[in-house]
Structure formats: structure tokens, C-alpha cells
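Structure first, commentary second.
Chains: A, B, C and D, in written order; residue numbering restarts at 1 for each.
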Amino acid sequence: MILNILIGIGIAFFGFVLQTSIAGINRKIVGRLQKRHGPRWYQEFIDIFKLLSKRSITHGWIFDFGVIMALGGIIATAMFMPLTNNFLAFENFDNFFIFVYLIAVGMLGMAMSASGSGNPWASIGVMRALTTMLAYEVPFLIVVLTIINLTGNSSLTEIMLYQQASGNNWFLIALPIGGLVGFIALMGMLGKKPFETYVAPAEIASGPMVEYGGKQLGMLFIMNEISAFIEVSLFVHLFLGGATNIFEFLIKYFVVYTLANLISSVNGRFKIDQVVKFFYKWPLIMAVTQAVIAIYFGWVI
Amino acid sequence: MASVELLILFLVGAGVIAYILTRFNTFLGSIFTIFAVMFVFVSLAGYGFGMNMDTTVNILPGISFTETYLGFYFAIIIVFVYLMVSFFHPYYLSEYKYKNSYNLLFLLSLAGILGAFYTDNFLNLFFFFELIIWTTMFLIPQGKSKEAAVSYFGFSIAGSVAMLIGIFITYNVSGTFSIYQGLAALSGTNAIFVFVLFIIAAFAKLGSFPLHIWLPIAHGNAPHPFSPVLSGALVKLGAFIGVLALIRIAPATGLFTAMDLPIGQYVVAILGSMSIVFGTLMAIKEDDAKKLLAYSSMSHGGYILVAFSILNGIAFAGGFYHILAHALASAGAFMAIAAVARATGTTKMKELGGMIHKMPITYLAYLIAIISMAGIPPMGGFISKWLIFQAVIDKGMIFVGIAVFFGSVGSFLYVFRPLAALFLGQELTEYKKVKEAPLLMLIPTFILMGLNVYTGVFPGGILKFINNIIVELGYTGIEVSTYEINGTNGILNPALIGLIFAVGSGIAFLIFIVLKKSRKVELMDTYTAANFVHDEHLLHYAVDFYAPLERLYEKQSNWMTKFYTALAEKVRELGKLGKYLFMSKNISTTVFWIVAIIIFLLWGEVL
Amino acid sequence: MMNSMNNIKEVEDLVNKTVKVLKTENIDKNQIAFEIEKLEVHRLLTVLKNTGWIQLSYLSAIDWPDENKFEVVYIVFNWEKPVYIQVRTKIDRGNPVMESILPIFPGAKYYEREAHEFFGIAFPGNPDYEKQLILENWDDIPPLRKDFDPSAYSARKFPSREYPQDFSVKDPNNKTLEKTEERKKRAKALRVGGKKQ
Amino acid sequence: MLSTKYTEKTKLTKDEIDRKWWEVGDYFRRNSLWLLMYCTGCCAVELPPSMTSAYDMERLGMGPMATPRQADILLVSGYLSLKTLRRLIYTYEQMSEPKYVIGLGSCPINGGIYHDSHAVINQLDQYIPVDVYVAGCMPNPESILNGFVDLMESIKNKTANSWKKYRDNNEWYKQNQKDALGEVIIHDEFHE
């Protein structure tokens, strides 16, 4: 058990390092997109360690307890994440619902400490984050319902093996509409530009993060990176057939995150009720049609 | 060998003694009630688990008891909730008008519950139900709102009448009043008829979609210590009738081929999922914390209905576990709100804020309760939701799936609202002198916190007991080993999740401790874009927390209340017509109408 | 061009008809100023408002210390006939009191507060004209009066001290600058084929 | 174009730096300076060109941040009226340490063109300590970036300790602020 826990911590740390460096590379790509030089690739690391080295302020014990609970929840989720179809910390315990609901612990921790900081902007940011979560969660779970119904097993490694076994037929190809809904929901989960209403720096002064300074903000940045790692690797395992070796995983991961980031860098920002209206109009209809087609008529490409 | 009949008689006697004692001094009376309920709970738990309660009847005429796993499971949960709530009595009873009758009615309703779950005769079941309904009907207006009692009584009576008609139909079909032979003998159209009537009774007691109007009114305005009992325990009676209807009768209506579910079951599942969605939407809008938790009970009632309408072992396990998890979570949440209401006098979120600074333990109790309500891993709610998801996904029910997923994410939203508006945020000046709840009130909060965590991390023992119930109902249970639950398409190890969550939090705590200590700053010194704001009411964001979300469904939010007022209007007009016909001024018209009615009724018989 | 000329003519006849005009001044093609008695201001403003000059564009004052007078100016504007009318009156500087025009133009509330703050003119009839609006904790005579000396105030309130002559952070033994110079020279030399300029 | 000249580096004894890793933190603090977007005066119009493609401040690791809690640099861009100075001091005290102040333009140095006005202060240094001045009545983006490089240089040489100066002789600063502003935290009818 101790060895598994160590492997889990290794996976979580690997996820953090991977996501932070890819985010740094993406900042450079977006820089080049805007015809400017763009920062160094390890700029995200420097930002995080700079934050950890500053002396910050605290608004009471709930302000710190929430941040610890948030980072703890997210690290716990990342420890369950399989990287390739045979490399994971806890054998056949990587159930899909663990990821969806342990991220909710992270979200609850951050929400609690943000509204505990006593700043109205933080509470408004938390309200927007929860509303966005309500918006993108339902279509995503409907598509995952179809996937689990087809594969008959809700553990990520089984889903990977199912996709690799049937002639490497990824669910992105087998369920095209479902894959599209999954990607839109991924954009919502990552908080990328069209759905970035809860960290809107111009409107509500960076939302929930308004009162965080040195080390709390650094820990929240780490939490943000690891949750991005969880969400993107969930997408890779569910829709792109996971990976047989680590390099395949890295390539798929990089392609998915960069695509999401590029779309985000050319987009404006929705108002919060537009986000809810959008997600309950198109992605939900597409998810339901995909589910009906796949489960009842059995037309799976 | 504790005997059920003696327990009931003991409770009735204890009620009378409690009445006399509370008349003499409320504190003493309430302490006596606590010991009475504790005695019942200990004897029930001691003998009940081994299924060797003595069910012989020698004093009470015409009453007969049998012992079933199902009945015991419900009884032990409800008696436990009663025990937890009775710790609150000493501090609340002093301000109620009829305080000495409070303890009496409290113990009488407990006697009714014991009887209801142990009887095997339909009439006794109905009699004990009426005992519970009447006692709670007198308890609710102590919270100074007559309308709550009227609406509660109206809907409960509608449910009981439907159940009574069902009982009479089973009687003239099967010839006996015994529950198990009676239901087994039903078949064909009679079965469907009784199924529908029992479902109406279940919906009325559970407060599910079509008959949910009374839930927020009754729970919202009930006296503070009684609403945890109302929503934690009494809603479970509806679940009990639901089990009788959905599993015992399970009429062989036409099969719904795609999901191989009988049509009746699927309709109940759809109604259950509608009550989840409407409960969540109404709860997000609600401003009073107790009404909000009432709507959450409505949505969790929907989960229980969906679980029981899918006919396989996984769904039943999920349903029964959800009954336990919801009972503990909503009792804990309501008691936290009651503690806040005692300290500040109001439960409106507009007027409250920053209660965490003076009542941290109540805050922790509420936090753990809502983590379980939202179905988040380390707590019990997650296990039951996971089991229900397994069942819904296996059956491939998409629209029920939408409602179930919407409910689980939505429950995170509306349970967070009181947390943010009531407990966190700026500390308002008028609540600066508020003190933490007294020690006696904190004992149940600690116990409930521990139980919520226990049911979430070690569900093995409880699921094994639930397997007995499922086998007793005639379905195959789920395989549960000490640490793992294997559903049909996945394995879950809740102890491992709890451990890993602890490891993760340990790492985060380590990072936090290693780094430099941060400077304590009081709450008013926040970033207000350099404005000098001196009034913390301006900095506390509590009023209509999810405003953009509420705007989306503002107009459609009171359809059901409009429907019921229209219905009431129709009944009043019918009454006026009757009055006009029969009580008109000249006698001749009334006599004529009476004679005409008699002739019409006897038309078939005489001629 | 044509209609704006006769607009001015109409305005002049209208104002001359209602009040005794002391002086008129044609500022530019659609703005005209009238100087009238202090008591007739309210009457003229109500007449102008009824005939279309519904917007009070600005209210302020000018300080004439040598005549010992404050000149209060009201600028009203008409949306149909685009003509600005300035109504000017002279009030005593020693005890500057001017009835408030709140009943005619409610918008004048903040203008009057500002005029009071910067000139010290009292506006009875405006309930909160004494409240401070722009200057926070002002502790001197109203600043826009001519006898107020801002540079003296600035010297008194905001002292300044001598900076050390060379304030810089460059590190002398920082060789990066010489290195970049040589690199630039070499690059230029390469461009011209190594020949020394 | 050298914007400023060099003076003697102050000798820093070991016990002044509280913990050894504080110096390691200097590398990170130097290469990721976050700017508080608090555009107080007219020099703020020079910031967008220094962020976009021609000068690109992000390659130095610098970027705009919305709140003082998260920011390292307080950029005083241009003249400071009395009311803005009150809010600036309040924001400066909300920033997390170590924090730096950059004075853009000539107004923070000697009041610039508003030196004789009753509403504008003449020297910013009297009220909050300033690390780097960038002179010029609206300095062009190149000199602004040069100022940023100067700040990074002074962090490297550990001479950018204005926040320590503010902490150590707080009374002197507070006294100056009281003389000029009367009182920093004020009550007005709009926020009661």
C-alpha cells in the first residue's frame, strides 16, 4: 500500500510538472500568435515559486483550511489518475466517478476559503464558478453515461483497453458528437476563455482569487495546474483511447491542451447566464442525441 | 428479549410522565424525554440487529407484530434521529406556548413509528400512521404558523385516504388484512389500482413532485427542533410505503422494451427525477435556510424513488443506503441551522452572515452534513449516489440520468448557499456577541459528524445488513467485501479514497507549514478597489446568491402553487353550487333535489 | 448657416422682452450671453425652460476681487434649436448669497455644492449645499478665489527635499554592457566586410 | 540610453536577511514581477505599448495583475492628487511583501507641470518609499522597460528594500502623510 501511495504522489507531481511546462509553452505559442516574443517556457514555475516565497496575509483559520482542503482534494484525485493503460497507482480503483466528485472537494475547499475571505468579489466569483460547473457537468456526464454503457465498465483503464482492443477505434471517432460535447465541456472545466466568467480579471478582479497573496495563491496555482492535468488526461483517456506508452500520452495531452488554449486565446468571454443557456441548449441536445443513437439504435461507427 | 409491545406501552407511559414533568419544569421534562428515547434506542439496537425482538402481543387488543429486516432498518434510523433531536429540547421548549404537550406528542409519535414498522396487519399500519400524522399535526403549529399544520395535514390525509382505499381493495381481493399475503395475492388490474393508490400515499408523505407543496411550508415553519425530525425521519415513512408499492407489488404492467422496466416503474422513475430537478431549482432560489433544506429533502426523496423504481439489487442497495445517508445529513444540517436560529433568532439568509467566527463547531457540523448531502467522496452521500449512478447507467436511462446528474451537481450549489451566506462572509455587528451552542446541544452534532464520516469511509457493515433486506425482498444483493463494493460496472474502495484524501491533505498541510507564516488581517481590510468602506453589510454578499441562474427560470417557478390554488378555487365553487342547491331559501327546491338524488341512487337497485 | 443666425435673433428678442438686459455678448455662432439683475434670474430661467431650454448645461462662478463681486453663470441648452444661452449675474463678494434654482433645474444640486466648495457662495433652498463634494478635508479658503495662492499652499503643505545628485542602480563591475558594445561593433564590422571605418 | 547612474551598494549583513532561502527567492521574485494595474495618472497610456508586440514586457516575466494582494510592483503612473494619494497609500498597505514602487514620469519626482497646484503632491518619496524613478513627461515604453530592468537589477543587488524602509521608519512616513493629507482613512457620504 505504501508503494502505491508513493507511486500516486509521483503521478500527482508528474502531472504538476507536465501541466506547468505545457502551460508555459502555450504562453509562448500565444505570444508568438500575437507577434511578440512570449515568456520563457519555465515562466509558470518561476511564478509559482515566487508566490510561495512571498509573505502573505490570512483572514482567519477558514481561509487557510479551505486552501489546504482544496489542494489536498486535488492531489488525492491526481493520485488515482492512470497515465498509460498499465501504469497507475491503485489497481482497478480508477473509477470515473471518483475523479468527477473528488474535484468537487477541491472546488468546495476553494469556494469555502474564498467566501471566508469576506470579499464580495470572491463570493460572486465562487457563485459563477459553481454555476459554470452546473452548466458543463450535465452534458459531459451524459456522454460519459453512453461510454460506460457501451464499454460496460466505468474504470478508465477498462475504457482505454476497450478502445484499443476494437482496432484502436477511439470514442472520438466512434461517438463524434459525444467527442465534440466532451471537448466543449473540457473548455468549461479548464475555465478557458469563452467560459472564463469566474476568473474574469476585468470584471470581478480575478474572482475567487481576489484576497489570496503569497503562499495561498501559490498553492491555488498548483491546484489549478493539477486540476487542468486531471481534466485533460480524463479527456485523453475517455475520447482518445488512452495511451500504450508514455510518449503517446504526452503527444495526445499536448495536442488537446494546445488546441483548447488556442481556441481560448481568440475568444471573448460569455456572461454567466449565457454560459448556462449555451450549455443547456446545444451540448445537451447533442449529448442526448448521441446517447439515443449509441444506446438504443446501436449505431456506433 | 425486548418486546415491541412493551416498548410502545413504555413510550406512551413516558409521554404522560414527560407531560407532568414539563408542566413542572421544562428542563427536567426534556431531560426525561432524552432518557426515554435513549432507553428505546438502546433496547431496539441491542436486540433488533440479531432479529430477536419479542413480537408476542398480550395486552393490546387486535394488534399483531412481526419482525422484518426492512421494518427494523427504518425503525432504527428514525429512532436514532429522534434521539439526536431530543438533545435539543431543553434549550428550545421554553419559548413555545404549549411546551408541556410538546414532549408528550414527541414520544407518542415515536410510539407510532415503532408500531408502524413492526406490524404486519394493514389496519394496524393505518392506525399507527394516523397516530403519527395526528401527533405531528399538533406539533408543527408550535412554530407559530397554523398554515404549515393545515397544509401538512391536508396532504397527509390525502395520502392516508389513498392508502386506506388500497387496503380495502387488497382486502376484498385476498380476504386478509395481513400485509405480505395481501400484496402477494394481488394481480392484474387490481394490482395496478393498488399500486397507483400506494404510490399516491408514498408521494404525499415523501413530498415528491406532484404533491410537494406542503414540504417547504411545513418544514420551513415547523419549530426549530422539530424540522430535523420532520425531514430526517418522517419523510422516510413515504419511502416505506414506496418500498411496499414499488417492490412488493411491482405490477406486471406492459414491459418497456428498451429498458426492460415495467411501465409503472418507469413512470415513477420519471416523476422521481422531476421532483429531483424541481427540488433543486426551487432550492437554489430559496432565501430561508430551513425552506432550502426542505426542498433538498424533496430532491433526495426523488433519488430514493428513482432507486426503488429500478428493479435490481444495486439500485435497492443505493436506495436504502441513501435513506440512511440522507437521514443523517439532513438531520445534521437542520440541527446546525436550528442552533444558529436559537443564537440569532432568524434563519433568513438576508439577515445573517459570518456566523463561523462565533460558532465554529456548528459550522463544522453543517459543512460535514452538506458534503454528505452533495454526495462528495469522504462522506456517506457519495456511496449511495455512486450505487444509484451504476444502476441508472446500466439500464441506460438517459432522461433519468440527466435529472440524477443535474440533481447531484445542483445539490452542491444550493447546499453551498447557506454555507457562504450564513456562516462565511463578513461578521455582522449585530451578531458579534453571539455565543457557541451549549455543550448538551453539541453532543448530537459530534455524533452525527462522526457517523457521516463513518458511513462514507466504511460502508461494508451497513451494506451487508442492507443485503439481508434485499434478499428478504426477493432480489439478489450486491457483493460487498470488507473494504470494496463492486457494482455492476466498477469497483469502489471508499476507505482507500478517504485514506488518499487524508494523504493529499497531509501533503498540502506540509507545504503550508514549511512556508512563511502569513500575517493575520481582520475581515474588513479587503480589496475594495481602494474605496474606504466602513459598513460590513455592504461587503457581505448574501441576498439572492445565484441571481443570474434564477433569472433564467423566474417566471416558471410558481406553476405548481398556481395549479393548487386553482384546484382549491374549483372545490370552493363546487361547494357554493351545493350550498345554492340544498340550502336555498324555500324548502321546496331543497326537498325536490334530495328526493331526485335518492331516486337516482336507487335506480339500479329497486327497479 | 441661415437658421442659426435667426435663432440668435429670436433669442435676443425673447430675452429682451422678458427682462431688462444690462449687457449682451455674442460668444460664437450658437452661444449668446446676457448679463441681468440678480433678482430677475429665476424669472428668466423659468421662461427659458418653458420655451425649450430644458437642460442646465453648467452652473459656476467667476471671482472679480477688484469689483468685489462674484459673477454667477448659468448655461442652458435647447435640443431643438441648438443655442447655448449664458445667464450671468453679479452678486456681492463679501456676503455671497444666491437663491438656489433647484425648483427649476433639479440637476443644479451638485453644481451648487461645487460652487459653494470652490467659491464659498451660499445657495439657500438647496438642502445640502454645505456638504463637501470634491475636496476632502479642505482646510483653507475656497481654492478658486483669486486671492488664494496655490503655489504657496503647495509649498507649505507638500515639502520637498533635495535628492542625492546621482541616484542610480547600475552596477559598475557589470561587464554585460561592454560585452554588448563589442558584439555590436563586431556585427557592424562584419556587415561592412571587416574594413575599419 | 542610461536612464540613471550608479551609487555605492549598501553593505548587507547576514542577520538582516531573515532566512537563507530569501536570496533564492530573489531569483524568482526578480524574474516574475507582477504589476498592479492601478493607472493613477496620464503616464498609464504608455503601458499598453510596453505590453504588446513591440516591447513585450511578458518576456521579462512581468504581467498585469488585478489586485494588490497578488501584485509585486505598485506602478505610480503620473501625477498624484490628494484623493488618489489617500487611496494609493491604502492599496500600498494591502500589498503583500516584498513590494516595490516605480514612479513613472516627472510628477512623482518633483510635481512636474502641476508643481504649483493645490491638489497635486510634489514628491511621492515623502509618503511612500520609491524604488525606481523613470523620468520624462510621459517616458516612452523603452525607458519604462529600462526602469523595469533597473528594478530587477536592484533586486539582484538587494538594494530594492523600500518596503523594509516603510516598515522600519513608519512614523516618519505617517507623519508626512498626516501633514499633507490630514487623515488617510476618510468617511464620505457615498460609502456610509
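One rule holds in what follows: a residue touches a chain if its C-beta (ideal position, glycine included) is under 8 Å from a C-beta of that chain, and two chains touch if they have at least 3 such contacts.
What you see is a predicted model; the values in this text were computed from it and never measured.
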>> Using the stated contact rule, I'd like to know whether A-B or A-D comes out ahead in C-beta pair count.
In response: A-B
>> Report the chain ID whose CA centroid sits closest to the centroid of the full protein CA set.
In response: A
>> On a C-alpha centroid basis, what's the spacing between chain A and chain D, in Å?
In response: 37
>> What's the distance between the Cα centroids of chain B and chain C, rounded to whole Å?
In response: 68
>> Rounded to a whole Å, what is the gap between the Cα centroids of chain C and chain D?
In response: 31
> Which positions in chain C touch two or more other chains at once?
Replying inline: none
>> Which positions in chain D are in touch with at least two other chains?
In response: 67, 69, 186, 188
> Where does chain B touch two or more other chains at once, residue-wise?
Replying inline: 527
>> Applying that definition of touch, give me each pair of chains that meets it.
In response: A-B, A-D, B-D, C-D
> Once bound in the complex, which stretches of chain B touch chain D?
Replying inline: 525, 527, 530-535, 538
> Can you list the residues on chain A that touch chain B in the complex?
Replying inline: 5, 8-9, 12, 52-60, 62, 64, 67-77, 79-80, 90, 92-93, 95-98, 101-102, 104-105, 107-108, 111-112, 115-121, 123-124, 126-128, 130-131, 133-134, 137-138, 141-142, 145, 148-149, 151-155, 205, 210-211, 213-216, 218-219, 222, 271-273, 276-277, 284, 288, 291-292, 295-296
> Which bits of chain A are touching chain D when the two form their complex?
Replying inline: 27, 31, 34-40, 43, 46-47, 49-50, 53-57, 201-202, 205-206, 209-214, 217
> Touching chain B in the complex: which residues of chain D?
Replying inline: 38, 67-69, 87-88, 90-91, 94, 185-188, 191-192
> For chain D, which residues are in contact with chain C within the complex?
Replying inline: 2, 4-7, 9, 82-83, 86, 109-111, 115-123, 125-126, 132-133, 150-151, 153-154, 157, 159, 176, 179-183, 186, 188-189
